[in-house]
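Pasting the structures here.
After this come two complexes, each holding chain A, first together with chain B and then together with chain C.
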Partner chain A sequence: MPAGIAMLRVQAWPESARSLGMLSLMLLMALLPHVAHLPVWIPLCVTGAMVWRLWIEVHAAALPNKWLRSIMALLALIAVLVNFRSLNGLEAGTALLSMMAGMKLLESRQLRDYSILIFIALFLLFAELLYEQSMILLPYLLLSTTFIVTCLLHLHDGGSQISFGASLMRSTRMLLQALPLAALLFLLVPRLPGQFWVLPSHGAATTGLNDEMSPGDVADLSLSSEVAFRVEFQGTPPPKSQRYWRAVVLHDFDGRTWRRHRSELLTPQKIITSQQTYRYRMLMEPSNEPWIPVLDIPLQTSLRRSMLTSDLQLLARQPVTQLIAVDVLAATEYQFGVSLDETMRRLDTQLAGSLNPRSRELALQMRAASNDDSVYVNTVLNLFRQQEFFYTLQPPALGAHTVDDFLFNTRRGFCEHYASAFTFMMRAAGIPARVVTGYQGGELNEVNNYLVVRQSDAHAWAEVWLADRGWVRVDPTAAIAPQRIEQGLESAGTYNEALTGHMLSRSHWLYQMRQNWDAVNTFWKARIVNFDSDDQRSVMSLLGFSNPDWRTLGWALLISFISFFAAMMLWLGWKYRPRQRDPVVEAYATLKRKLSRAGIDALPHEGPVDYLSRAALAKPALAGELRELCDLYITLRYTPDARPHLLNRLRQLVRQLPA
Partner chain B sequence: MSLSSTLQQRIGNWARRRHGVDTSPVTITNRRIYILPTRLGLMYAVAVIAMGVGGMNYGNNLALMLSFLLAALGFVAMHHTHRNLAGLRIHALANEPVFAGQQLHIQLAIENPSLQLRLGLQAVINNSEDPAHSQSVMVNGDTPTTLQLPLTSQRRGWLQIDRLTISTRYPFGLFRGWTVLHLPIRCLVYPRPSERSNTPPPTQFDSRHTQDMHRGDEEFAGLRSFHPGDSPRRIAWKAYAREQGLMVKQYAGTSISTCMFDWDALAGLDTELRLSRLCRWVLDSHQQGIAYGLKLPGFNAAPALREAHRSRCLQALALFQGSA
Partner chain C sequence: MNNNPLLHLLETPAGDPIAAINSTVSQLSQIILGKEIQIRLAMACLLARGHLLIEDLPGMGKTTLAHALAHCLGLTYNRVQFTSDILPADIIGVSVFDRNNSSFHFHKGPIFAQLVLADEVNRATPKAQSALLEAMEEQQVTADGHTYPLSSPFFVIATQNPTYQIGTYPLPESQLDRFLMRLQLGYPDAAHERQLLSGRDRRDLLSEMPVTLLPAQLLILQNRVPKVHVSTALLDYLQAIVSYTRTSNKFVAGLSPRAGLALLRAAQAWALMQGHTGVLPEDLQAVLTPVIGHRLVPAEDAALNKPAEIGAHVLQSVAVQ
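After this line comes the complex of A and B, so read on.
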């Protein structure tokens, strides 16, 4: 038989090869979700090791010797090190773990080695959860966990005495039995308020938002319908036109690119707000960026270790790498920064170099024709409104004088172009102005009343400083395409630019489906993924413990453990109870007990016939019953298909017999 | 004696005091099941705790859930390990005698009175230098399963098994549950027969006992199976023709040669050597159909040629305590 053919006939594999095949399959299952974030050579190497190891087992060849294995292990380590430039971090750690699995497989021969492989598979699953906690992944994770546990059972049942299917049944049953305790632990084990060590992450920013904006470059506007964050308002949410989620404020402009200021501005600002405030809870998806979008002016937030800059950016101390929940009190009617300090004025009026001369000239002309700054603001907005400006998601690239090119030549662009041009025109006229990026709008899901803000809702607008009024939000994009603000990105722009993801919203039925799905997802994120000490407290107060401390939780845990152990013992005690005896034998035993209480003991050599006739002689009053009992017993015991009513009669007679 | 073996000895003695000596069949009750995590179980615990700490650190609830599920599974496994042993009934089966140096099999039967399959059960005899492990077996509710524990006996006499461990690592190998049984199991070990030596067993043509009773008449007394060395003239060809196998005709009173194997005849040899040689003679005579008697200090068996006689003689040799 040519080499390699034997590999393909799984049925003919030796038992050890089948075990290895099962373990390889298990490792592949654990590795599969990682394929998305690992370099492709890693899964290839691991698969190669699997095929090699199986070939060795099927053909009874020798394992690679110690030297070869050491060299391969060293090469794997170097490869990971070169690829990730570190062995620390989630990506490098996962890569190393995967390579270790392959190496371990090549030297595995015994049960102990196999057990290590099972642990590696469990850690790979664990690592996957650190990457992603989506609900879609959950069934796959449950399936893999079950498979891994089944492998563990199959290896330890004492030499594969039961089939793999039977092992699967058993391990599934045990996992189901473990589920209640796992759920109780999940509810009751106290959560830590923050991280006590941080794994360095190489993850790139995933949002549609950047900390810089270059409207002149070829557009790469995020059209992703991925969720940026979800918001649950207490009470009615603000109208759509008021929903501006500020995230990043851009001050520095070099004629082409807007950037954040190099250092954080931390001078406290005086804020005056009206009674109109909104209290909401935001569930923010990981963005790998520190800024947290908030509705206009955040008055209070529950975010620990964060800061509010003087231009009102809310910044977390560390990039947001996990789903977080933030409670915010925000105001949409406000007055802030009325007394503008000199630093800020200089910062927000600077225009470097001599770029965009035509726009500067136009700005000065228009300002001269206006009575005051607010009139000038309207004049510029009217320019966009009345002249031939178009809103498009695919604007042409702009030349060196980006603003000039946009205002006088192309006149096509999206929010960034308008925000940039408007802010430039303000600064050119000496009015402090800056670009703000964030999100606008969001879609209210009627199923659960959550507002869903997607990456495609990313937006850019301007803030200008007007005397007596402070910083005022101006959205120049609203001037050119009002429907952009009223109905969201998908209805703005030209027809063929409709977003594929948003095509769904045209069909009512699909729209409903999507809303429902998102509601389920929100529940998942809010209640499961983001379950925290606050939720723990509310669960405990549902159970009647108001304001539980760790001691209450400890007691609850202890009681859970005891009840779980008791339940397991009862359940398994019932499952493993001794087999039921033959009902006929049982009835006869009762009969003997009754008779012996009456003084007629069965002798060791006596069969039922002798015994019962003797009893009938001793108790003439019961002679008829005893004779019938004897006949019934003999019939039931020795007739192959005795009818059930005979058994009932036997039981009845025994019951009626005086004790 | 090392510390751990002393400790084991102590624990063993304690268990013996606690449970007393058992009689077959013995039921494994909850009281006598011990359970401890294995090395794998400890590794598992460390892995699960590591996952829990990681999940806690990152506030990653799914990772926490995974570690909680695995932790709970560990506890569930513990219960299953315990239940896998509980309620089993162990029967000690009779053991065939063997010769010293031969392998013997201590036989046990495990009966499962419940409907649940019991898996991965193993019996260990650990009172000798090299513990005897049985195969790992499963027991269903229908028929008892027989276990065989291979032991090699080097010394003649009773081989006494005073401690027997039944253990299981089912389901995941995370826990080992075991019970110690003190069943009166023993096996008779005959002396090791010496090599077929050139010294023939001293033969006596006895004329007083066996022969006297059958003098003169060469009466047909029966058939016995052929052994190498039998005279071809005695072969029962008719029986052979009837396909009853090769048989030898026996006549009472014919050429009755009886042997008397005497301890004193072997004076000058070491005790065990004497016993070995006597053992060899008993075996050979029995095989050759020569009636034999055995005389030991304190034991005297008149010549005979029966299975029971052979056993009796061999037992006497096995249990011989030394010359007075």
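After this line comes the complex of A and C, so read on.
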């Protein structure tokens, strides 16, 4: 038979090769979720090792010798080190573990090695949870875990003697039995407030907000429908046109790019708000950035280790690398920054060098024609409104004088272009102005009343400082494409632009599906993944413990575990209770035990007459008692003459027999 | 001197059959020297209404045992020597035309006796063998449309040469099953052999011996055997033995239900002879080898050759209940 063909005939594999095949399949299952964040050579190497190992087993070839294995392991180590420049950290760690699993396979030949492989597979599988904890992963994890546990059971049961189906039944039953314990641990293990550990950033490209904005560069706006955050309002949410989620404030402009100010501005600001406030809880997806989008003016937040800058950006001390929940009290009608200090004024009126001369000239002309600043603001907005400006998501690139080029030539753009041009026009007229980026709108899911804000809701607008009114939000995009603000991005495109993520909303049925799916997802994220000490407290108060501390939780955990295992023991005790309750048999068993202690063991096939005669010969002192015992026992057990008083006599004699 | 040899039986208490059996056994032991266990087993077989197969080399005392048994129990006795040309009619009888009455008259064969010795049964053809075995099974003989009941009690002792001797037709397993027990007499030990060699002729000795158990008494005892108490514990033990032979890989096939029944009857008979009011595990163990030894065919790799090995193996493999 040509080499290689034998490997394809799984039915004809030897037993050991089938075990190894099962282990390889199991490793592949554990590796699969990591393929997305591991360099491609790692899964290839591991798969290669699997094929090699199986080939060896099927063809009864020799395993690679110790030197070759050592060299390969060293090479794998160096490769990981070169690729990640470290052996530490999540990615380098999983990479190393995957490679070593492949290496281990090459020296596995007995049950002990198989067990190690199985534990590596479990470890790899659960390492995936450090990357993401999405609900969609859950069935896969459950399936893989079941398979791995089944492999463990199957191999330890001796493989061929038991069918794989039987092992599967058994492992499923065992995992189901473990479920109550898992639920208990989930509910009762004390949660530390805040992040339990800070995950290292794993460099995933973020599709969210940036801390700079360059409207001139060729950039198709990314229309990712990925969720940025979800919000649950207490009471009615504000109308869509009022839902401006401020995230980043851009002050510095070099003629092409808007950037954040190099240092944070921390002068306290006086804020006056109306009575209308909104209380909400936000579940924010990891963004790898420190800023937290908030509905206009945050008055209170539950976020620990955070700060509010004087331009009202909410910044976490560390980048948000995992799902967080923040409770916020916010206002959408407000007045702040009425008194503007000189530093701030200078910062927000600076214009880089001599770029965009035509726009400056236009700004000065228009300002001169206006009575005051607020009239000038409207004049500029009217410019966008009345002249031929278009809203598009695929604008042409702009030249060196980006604002000039946009205002006088292309006249096509999206929110960034308008916000940039507008702010420039304000500054050119000497009015303090800045660009704010964040999110606008969000979609209300009727299924669970959550507001879902996606990356495609990212938006940019301007803030203008007017005397007596302080900082005022002006959204020039609303002037050119009001439907963008009223209805969302989908309706704003003037060209026939394919909004892939949003095609879904065209079909009512698909729309419903998506809403439902998102509701389930929100539940998963809010109630399961983000189950924190507050949730724990409310669950415990449902059970009658008001305001439990970690000590109460610990006790509850301990008591639950003890009762769980006590219940298990009782059940097992009942299931395997001794069936033999015949007092005659028990008395005879006691007799045998006593004689056995005296050195006279009963053979299993020895009848009572034979045994007790032998005992009487060995213990002449007890011969009389033994003879009577024998008579009593055979009478009670084998003849129709059983009488209660004989049983009592038997028991009495057995009791009296010296041990 | 009393002329009636049976008169002394009237002096024994009618309700003490065990004494009668014991005296029979001790009397037989004077004829067949040193074989008391085999004699007791033969008695138990008779009490359980079974038939006995004695398998041994020629000259070991098979015929003498049968003859002595018939004599001591006062049974009518016929001996049939099986040869290769024996016909069924030679065993069961033949119809002869009676010229005086102008009709056929059935001449009963040697099977019409209370104790029949079928000597060297494996030398006959299967046809003759099956005529005997059918009569054993049915307790009656049918010839020319007439059914003739056999005598009661009816006890067949068949002897058989070891099958490796030339000119034999070994009984098939299905027919071995008709015999309740199979015994082997074996060589006597030195002391008993000396006694045999120095003593008088056994036949003369036998003719002087009195009858110790009347056929009527034998029938009473036979009726009492199935009534010996069997406890559930003993049935558990018996079933464990039977099921062991069926699940063990040491045997080609396990014991049949008929074999289980035979084991129970033999154990009851043994218990009766021992004077037990119920069957003890030891009673069952005593009859185990002769009852199952010829019913089990050991598997080729089981390393069980002799019937005693089979019995000991089964006995030691099953725990007493």
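In this section, the second predicted complex is superposed on the first by the 552 of 659 C-alpha atoms of A that agree within 3 Å, B and C clash if a C-alpha of one lies under 4 Å from a C-alpha of the other, contacts with A are read in each partner's own complex, and residues count from 1 in each chain.
Everything that follows uses one rule, which is that contacts are C-beta pairs under 8 Å (C-beta built on N, C-alpha and C of every residue); 3 or more make two chains touch, one makes a residue touch a chain.
In this text the structure is predicted, and so the values were computed from the model without any measurement.
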Quiz item: Where does A:E333 make contact in the superposed view: on chain B (first), on chain C (second), on both, or on neither?
Solution: neither
Exercise. Using the touch definition from the top, say if A:F564 reaches chain B (first), chain C (second), both or neither.
Key: first
Quiz item: Of the two partner chains, chain B (first) and chain C (second), which one does A:H605 touch, if any: first, second, both, or neither?
Solution: second
Practice problem: Could you tell me if A:L125 is touching chain B, chain C, both of them or neither one (first, second, both, neither)? | Solution: first
Exercise. Identify the partner contact of A:D254: answer first if only chain B is touched, second if only chain C is, both if each is, neither if none is.
Key: neither
Self-check item: Touched partner set for A:R637, first chain B, second chain C, both or neither
Solution: second
Self-check item: chain A: partner with more touched residues, chain B or chain C
Solution: B
Quiz item: Residues on chain A in contact with chain B in one complex and with chain C in the other?
Solution: none
Quiz item: Where on chain B does chain A make contact in their complex?
Solution: 40, 43-44, 47, 51, 54-73, 75-77, 79-80, 83, 86-87, 113-117, 119-122, 135-138, 141, 168-173
Practice problem: Can you check the complex and tell me which residues of chain A touch chain C? | Solution: 603-610, 634-635, 637-641
Quiz item: Considering the complex alone, what residue numbers of chain C touch chain A?
Solution: 229, 231, 233-234, 276-282, 285, 315-320
Quiz item: For the complex, which residues does chain A have touching chain B?
Solution: 111-112, 115, 119, 122-123, 125-126, 129-130, 133, 138, 141, 145, 149, 152-153, 155-159, 161-162, 170-171, 174-175, 177-182, 185-186, 189, 191-192, 194-197, 199, 322, 528-532, 564-565, 568-569, 572-573, 575-579
